[in-house]
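As structure tokens, here come the structures.
Next, two complexes with chain A in common: one pairs it with chain B, the other with chain C.
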Partner chain A sequence: MSQGILLFIEQRDGVLNRTSFEAMVAAQGIASATGEKLSAAVLGKAIDAVAAEVAAKKVDAVHTVEDDKLSEYTPDGYVAALKQVVAKLDPRFVILSHTYQVRDFAPRLAASLGKTFVTDCVGFRVEGNEVAFTRQIFQGKINTDVRVVAEPPILASFQAGAYRADKAEAGDSPAPIAAFAIDLTDVQIRTQLEPKFQEAKQAVDLSQAPLIVAVGRGIKSQENIEMVQKLAQAMGAEIAASRPICDNEWLPMDRQIGSSGQTVSPKLYLAVGISGAIQHVVGMKNSQTIVAINKDGEAPIFDIADYGIVGDLFDIVPALTAEINRIKNEGS
Partner chain B sequence: MNIVVCLKQVPKKDSILRIGADGKWIDERDISYEMSEADAYALEEALRQKEKHGGEVVVVSLGPERARQSIKEALAKGADRAIHLFDSVFDTATDSAAVARAISAALKDEKYDLILTGLQSDDYGFAQVGLIVAEQLALPSATIVMEVQPEEGAVRVKRELESGWFQWVRLPMPALLTIQSGINQLRYATLKGIMAAKKKEIREVKAADLGLSADQLKPAQVIERAYLPEKTKRTEFIEGKPAEAAAKLVEKLRFDARVI
Partner chain C sequence: MTIERETLEMDVLLVGAGPANLACALQLSKLIAAHNERAGQSGSKQLDEVNIAVIEKAAEIGAHQLSGAVLDPISLRELIPDFEKEGAPLEAPVGEEHVYFLTERGKIPLPILPPPLRNHGNFVVSLNKLTRWLGEKCEAAGVNIFPEFPGAEMLYDGDAVIGVRTGDKGIDKTGKPKPNFEPGVDITAKVTVLGEGVRGSLAKQLINRLKLDSGGDPQVYSVGIKELWEMPDDRFAPGSVIHTMGWPLDSHTFGGSWVYGMRDRLIDIGLAVGLDYRDPRIDPHHEFQLFKTHPLIKELLSGGKLIRYGAKAMPVGGWYTMPQLTSDGVMIIGDSAGMLNGERLKGIHTAIKAGMLAAETIMDALIRSDFSRSTLGVFDKKLRDSYVGSELYKARNFHQAFDRGRMFGLITEGVSVLTGGRLPSRLPIKAGHKHLQKLTGSDNDSRDNGDNRYAGLKYDDKLTFDKLTDVYYSATHHDEDQPAHLKVADLNICIDQCASEFGNPCQNFCPANVYEMVEAGDGKRRLQINFSNCVHCKTCDIMDPYQIIDWVPPEGGGGPNYRNM
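Up next, the complex of A and B:
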């Protein structure tokens, strides 16, 4: 009978990806509610430091899965290795963080095991011994409670930001770390990798900006961005954008906020003409104060906004700029 | 270069979504449909590669009768032929593995260099069908692809990583790629294309044609309840004409939130 929970720990170049600690919060919660033991698996080469960091948390065991074929991430390597780990441990659940890396291999892992994978969950519920997962459909507009009707192991990934990494419980004493034996001799790594790189020269580190004014598709054209820039200038804020604006090259890529751009948590985030699709929201939802201006009162951005104005940004943005300049002039 | 594009028809992005009477899905009355966004980009990428390198673009879609509309749109844009997996037996194939099983079976006898899918659908957003197909067909894969460069017997692709990082990887062909939105600019179907599409083949395939029974298409995951998310924040909505609302907002940001 399947037993235990296996947590996948992601690392890159020997540095732990902190979203793995977010997934750990979920894994610890499920473990405590079901009474199952929790172990963590780290894949790669030269991963002792990562394993030690994980072992300091409240887990029952840490498995290090090392092989030359795992020294760089490839889907072939990770699927083959994890397939052996899961087959041997036979856990009830395999928990992962829904990162770009996990999205690249975990569906294949599940398929190769003939098991199901519940992706991008934002929560879970344990009733008796059953676990139901909450995931969103239609880009965050609707929640669903999902029940798995297939045999374990059940794979589940959690959305970035669904849990806070700093809530991962520490252990009373370091968990045992053991090398997990795998054999990748017959595994063909079909992917050839080139070095990773950053496209935009990161001229602006938006994560350091206390005030951000972000612009989205509602701005309609490149010419209109100047209006928002004037507001940002008046406020002493940095300008930022959702992905479509940067894809269109209306603002440079280093201004992008979201899962494929920067993650920020400024004092003030003013979202102008941004609908609040999940890929953007994960990059800014921990901002201290969020203001949204959008003509659609149902836009998901209002779910996370502290203040909202439902109206035409083309009227409101200039009005805001005028008001701020008026106050500045009053003061001088 | 022969390319297969998997596409899904989904409710339009700006649809007003209401929970259906059974509380398990949306109410689909009064909904308009369109090609899922990432799939549209995958199709566009396939068409561009065909324009550069020749070959054939075949679209595959599993869906009800209305999916024909999106299939026709793909043909009008330049795809050469289509396979429509259309059978009431597929109605229960709501999870990725079931859909992938049907698609893999349908592609069993096709010859292709690349299979392109969107990285995830706009409705369920599971982000899995492409990769499950790749696993079932034993193809190498890469996801969240932003650029595609075919080479001799291989394809070099630019993968998006988080936080503005990227990586080029090379895979032998045939391969499966899941395509990220924004990889290119979408074309519109021309009148000429729409007319030409009328003569292009849409082969309808039933579950029995693929040797699949209802049992093999049963979902492993079931939605028990669909509901509007509870707002964890209480949003203070500021009313009034633009100048009024602006003044009120600035006041709140200065004196309540104290952020400016």
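Up next, the complex of A and C:
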């Protein structure tokens, strides 16, 4: 008789993927509603730290599945290892988080086990001893409850964000961690691993900046941007720009705000010489406080600004910078 | 860079999922099914499975379809006899119709409704909706439709067409392949049908290479600027039709407006501007915004909300501008072949009929296993002998009559209508861009020009909208990291010649703000191409006075989203 719930924990380079804790919330919920025991499996090599982190949560056991062939993720390795784990533990449910990695190996795992895989669930319901998984269909317009009538184990993955990782219950005492013996000698890893792809680091993530000073066409030339940069510096703000500035390469593309750039919602957004075309506005309209400086009183930016100055930015910006610096010096 | 490309073998390849090609594919499937059933009963040879494929540059069928429109149901009735029961998404039968000549403040109703503009028995439709529905019918009949696949190049064997190469995906703006690079596929077919709509890019290549337009007149075009408005009440009944001429267009600029009542309290309103105007400072988008300030329209739209914007050119040259429609292994149908009736402002029913006739021709070719011009060429005659031919022939001098101005045109057109099209001669016509008159003296930069005809136009974001705001409402979107799909053969001409001769009219005739002359430092200027704004209307390819702009399809999937347009 199959029993227990097996939770798959994802890790990379010894760092736990936090969405696994989201799946854990679901797994813990199913465990307490059905009375089944919950164990977690971590695959890889040199994963003791990850295992310890998992063991601190409310689980009944943590299995470390280590092998040289699991030191880097490959679908062949993970499927082979998990097949053995599932065969030995014979769980009722295998719970995973619906990440890219899970999407890569879990369908194959399910197919090779000949078992059902209910994917991208947003919830679950337990009635008596029956578990139904909630899935969305028609591009999120309808929720369906899926009850699996096939033989266990039943695999189910949960959508990122369906649960909150910080809701994973902590255990009263660390769960027992045990090495799970598997044998991958006959397993052929067909994937040839390339060097890891490193995304180009962006100089700045404007979406994290609490204060932004953005400059638009009103600045007239590249030389004048320095004046706005001084203001941003004085305020401790990040500098950003509307599209024409970036098209001219006066500021790099990653500083662009708008429909073809970044969307931001900082505490303060100061728009200098920006008219407020809709393509720019959609990138910043949710800013908490919007201040605009523009010599055209009819500029659409004033429709969304909380405070505005209709005037010449070449007078106003240096004056603003001077005043801010004066206040800072007085205070110090 | 030598790229290895996959080859996909099809029997019939149709480029462009518009009404012409979808009607062709649907009709062909029906003809094949009927043939095989008869053959099965009589014991004669059935056709082996015929693979029909339609490729479309948009992300979904219908996304790039834009028209008024008022549909003459004659050909739809032939294609799908019980189309109402089959759920054809028609807005409403045409009800109240009005035609006005507008002056700046007033309107003069025309004493009689000119016969070509009589729409009794016709339907107000959204071409986007109609095309989506036709697409569903095609897919149900087993036709393969591939959205996000633009046709980039014709494939030839000598002068015979053997298929089409689709566009590459994943090229960055410097022309280098990105990690997601996918080379275009070579789709081979026994016959390729080009139904790319107005100024089709493959049709342009084909017609030039095989000189299919020698002996005919150059095609002439209008551009339609359209907005969809949502009203708070039922003031404009579905099926209501208004057409206007006159203000704000000057007497040398051909064009007129339409206002159609759609369902769900939507008003479909637009202005067509002939792309053979003389003043290079004319801006069709601005003309349309001006038009909306006329008291008749302002009152109609007050309290309403703009929900969508779009623009598309249309071929209005008619009969004498149609190229040779077939060659070995290829056919051209619909707007790509200039089958729109400019007098009635209708091209959808002719496109559908042309598609059906093309299907008959292809059926014949399939049975004979011969796809050379000798078999396919029957289509040219079939079309000219059909009601498409007869109505296009009757309207053959329509646009040409306006070549010398509105008064001359109206008189000539009046005579033409009264005599059923019998005018003494075939009126001459020249390509639209050749009508542009050079600027004189100090009119150097049309944007800064003092006597700007649009000086009184103020955008209030309630009734009138500037180009950039309107573009936003076209929902157009392109991957930024790709080469610009507007190929300008010589950028120096823009600065050295065009600036002084015409004032860089691309900034004016493009309804999407794609072209901008910007400062380049050192007091110089350069042409900036904001290709991601492009709504695929083809106006630039048509109207550029030096004919150095070549519009090619961008990476598949990019472009506007004309839902319900």
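To be clear about the criterion, the second predicted complex is superposed on the first by the 200 of 332 C-alpha atoms of A that agree within 3 Å, B and C clash if a C-alpha of one lies under 4 Å from a C-alpha of the other, contacts with A are read in each partner's own complex, and residues count from 1 in each chain.
Assume a residue touches a chain if its C-beta (ideal position, glycine included) is under 8 Å from a C-beta of that chain, and two chains touch if they have at least 3 such contacts.
If you're wondering where the values come from, they're calculated on a predicted model, not measured in any experiment.
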Quiz item: Taking the superposition as given, does A:247 touch the first partner, chain B, the second, chain C, both, or neither?
Solution: both
Practice problem: Answer with first, second, both or neither: which of chain B and chain C does A:259 touch in the superposed model? | Solution: both
Quiz item: Which holds for A:140: it touches chain B only (first), chain C only (second), both, or neither?
Solution: first
Quiz item: Per the overlay, which chain contacts more chain A residues, chain B or chain C?
Solution: B
Exercise. Identify the partner contact of A:75: answer first if only chain B is touched, second if only chain C is, both if each is, neither if none is.
Key: first
Quiz item: Of all the chain A residues, which ones make contact with chain B and with chain C?
Solution: 244, 247, 259-260
Self-check item: chain B partner contacts - residues on chain A that touch it in the complex
Solution: 75-76, 79, 99-101, 103-104, 107-108, 110-112, 115-120, 132, 136-150, 190-200, 202, 211, 235, 243-244, 247, 253-254, 256, 259-263, 267-268, 288-289, 291-292, 298, 302-312, 315-316, 318-320, 322-324, 327
Exercise. Using the touch rule from the top, collect the residues of chain A that touch chain C in their complex.
Key: 244, 247-248, 259-260, 277-279, 282, 300
Quiz item: In the complex of these two chains, what residues of chain B are touching chain A?
Solution: 11, 16-17, 19, 26, 95-97, 100, 119, 122-128, 131-132, 134-136, 140-144, 159-172, 181-182, 219-229, 231-233, 235-238, 242-243, 245-247, 249-250, 252-254, 257, 259-260
Quiz item: What part of chain C is in contact with chain A in the complex they form?
Solution: 461, 466, 468-469, 471-472, 480, 518, 528, 530, 532
